[in-house]
Amino acid sequence: MSYQVATPVFEGPFDLLLHLITKEQVDIYEVSISTIVDAYILELERMQSLDLEMATEFLLIAAILVELKTRRLLPGRDDVDLDEEFGLWEERDLLLARLLECQTFKQAARELERLGDRASHSYPRRAGLDEAFLALAPDLLAGITAEKLRAACVRVLAPKPPPPIVDTEHIAPIRISVQEVVEGLAARLPRLGRATFRELTVDAPDRLTVIASFLGVLELVKQGLADLEQATNFGELLVIWIGDEGASLDALAVEDYAG
Amino acid sequence: MAIEEIRAIEAIVMQADDPIEPHMLAQLLEVSPARVEELCAELAESYEAEDRGFVLVRVAGGYRFQSHPDLAPYVERFVREGQPARMSAAALETLAIVAYKQPVSRAQVASIRGVNAEAVMRTLEQRGYIEEIGHDPGPGQALLYGTTQGFLEKLGLDSLEDLPPLGEFVPGPEVAEALEAGLSADGD
Amino acid sequence: MAIEEIRAIEAIVMQADDPIEPHMLAQLLEVSPARVEELCAELAESYEAEDRGFVLVRVAGGYRFQSHPDLAPYVERFVREGQPARMSAAALETLAIVAYKQPVSRAQVASIRGVNAEAVMRTLEQRGYIEEIGHDPGPGQALLYGTTQGFLEKLGLDSLEDLPPLGEFVPGPEVAEALEAGLSADGD
């Protein structure tokens, strides 16, 4: 696969999508999955440690796109489950709404920057009170003892209590460990030799597991144990084992995902 | 001959190190806040008319003296501590979300941006742009964030109402169409 | 129409925290110190003639704006009614960090406290409890702060070594209580 795709650094999945759609003026269906994977791997290489949350978000969107794309390629539309179809449209609309929202805040950010730039040319007076008036100001140290000072310092330096309950309202918990998935794949793939991504994830219980599997595949590619192939732009993603029989996993690299 | 109130405002604002609120000036001068606003507007105009090197501005809910923006090249040479580092695009976008959606939790910001917001929000907090302003009353009790006085000061705004309406930034029909086409189930 | 140099002097002196020496102004304006003195005298006269509430004075070897002596009663009232009378928790914590961690930069204090320390440190500096004691040798050359002699005297300490040791981080009863309160449903 090609690593020559010149991509700017993307701040997140929306950034990449917005770039692909608005800047490059391409139909997202014409963007091959390998382009997305390439861009993603480039991002991985730029990152010291992988932000699992961001990777998941990225792949969630990639998964929706792949699903949309596959759907479009179905030979006949008679066998399409209407409920599934509606679900897909809903996801598409949701994605569109999120992209528009993201784009809105990008514009708002530019305006904030402009306001800040303009304000930065005018320097505020902060001199405060003259000595003559300072003498009249209440003594803030009145009643402050060395012991109170020590207590205040300890208060600041003491470890903070954890927030009451972790706020996860909008973020689905990650229940599967990518490390487990990588180990599972490393056990299965050498026997299979090659398998489509769909085959590998056919019994995945939920989308998150599919995403974790995708991450796992990317990890194997990164470690030179697997390669990805896509026969045509619209073809299925093929995972090929290229590692030795008893190839051992780079435990450290995998920890990056898990940790 | 300037009237006493005008002179008193100049004297007090000269000694204040934060924008001083009209109601505080009104209390010190024993006049109505409306009268203070009137006098301050008069003062600001007189500096303008006299082509002074400073301005009296209304910012973050109060009045303060600032150097005239024209003269920034001279002042920049003097200011010892360099201007704070420019904000990254990520920081600006996060700040925009907090400014327009406040009170807002970290998770909500992350959900809008599609990326983890923790590090960026911590930086914004340390740099004085945002602060914790409460807890979500819901079951999660998530910390809620909002913008600070310093945010208004740094952006030269009197209040949050002076932020341009978010509606102005919604992408135009051509962008929405491009996005829609890009995601359309029928492709092209 | 005021000339550029006059306006530049007004701008620089307005935003400066301390009196500015004529030779510094001369350097910034690229004119002679004598010319600066001339322009400043002109400015001072114009404020006098216009009966402004502030004056431009030569003090401690430099120029600065002050409120007009006539208006001292208003400023005194502002000092009594418009200034905090007690040390806020944020101010006390900041002062404690500076006392125990000196020399320390503003950014370091912000990072330890997790919130911006600019305004609080400015107040502590103005009140004479902390002061600039050097520059960070690293890139950026951040200003480093420490506590003053006056601070030690007010606390009845001979030297910084007399500050009670922080000791192990065994939370005292009040900290344990605070932690518990923080964990309870309604937080603060």
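By written order: A, B and C. Residues from 1 in each chain.
By our rule, contacts are C-beta pairs under 8 Å (C-beta built on N, C-alpha and C of every residue); 3 or more make two chains touch, one makes a residue touch a chain.
Because the structure is predicted, anything quoted here is derived from the model rather than measured.
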Of all chains present, which has the mean Cα position farthest from that of chain A? C
Just to be sure I understand: the centre of a chain is the mean of its C-alpha atoms, right? Then which chain's centre is nearest the mean of all of them? B
Whole-Å distance, C-alpha centre of chain A to that of chain B, is 30
Whole-Å separation of chain centres (CA-atom averages), chain A against chain C: 43
Quick one: chain B and chain C, Cα centre-to-centre, how many Å? 22
Going through chain B residue by residue, note those that touch at least 2 other chains and give them in order. 14-17, 54, 65-68, 75, 79, 135, 141
Which chain A residues sit where two or more other chains touch them? 123-130, 133, 164
Residue ranges of chain A in contact with chain B within the complex: 11-14, 18, 20-22, 25-30, 51, 53-54, 57-58, 61, 68, 71-72, 88-89, 92, 95-96, 98-113, 115-116, 118-130, 133, 163-171
In the complex with chain C, residue positions of chain A that touch it: 123-130, 132-134, 136-141, 144-162, 164
Can you tell me which positions in chain C touch chain B when the two form their complex? 1-2, 6-12, 14-16, 20, 24, 28-29, 50-54, 65-68, 70-71, 74-75, 77-79, 81-82, 107, 110-111, 114-116, 118-119, 122-123, 126, 142-143, 185, 187
If we count contacts the way the header does, which residues on chain B are in touch with chain A in the complex? 14-17, 54-55, 57, 59, 64-69, 72, 75, 79, 83, 87, 89-90, 92-93, 95-97, 99-100, 105-108, 110-116, 135-136, 138-143, 153-157, 164, 166, 168-171, 175-176, 178-188
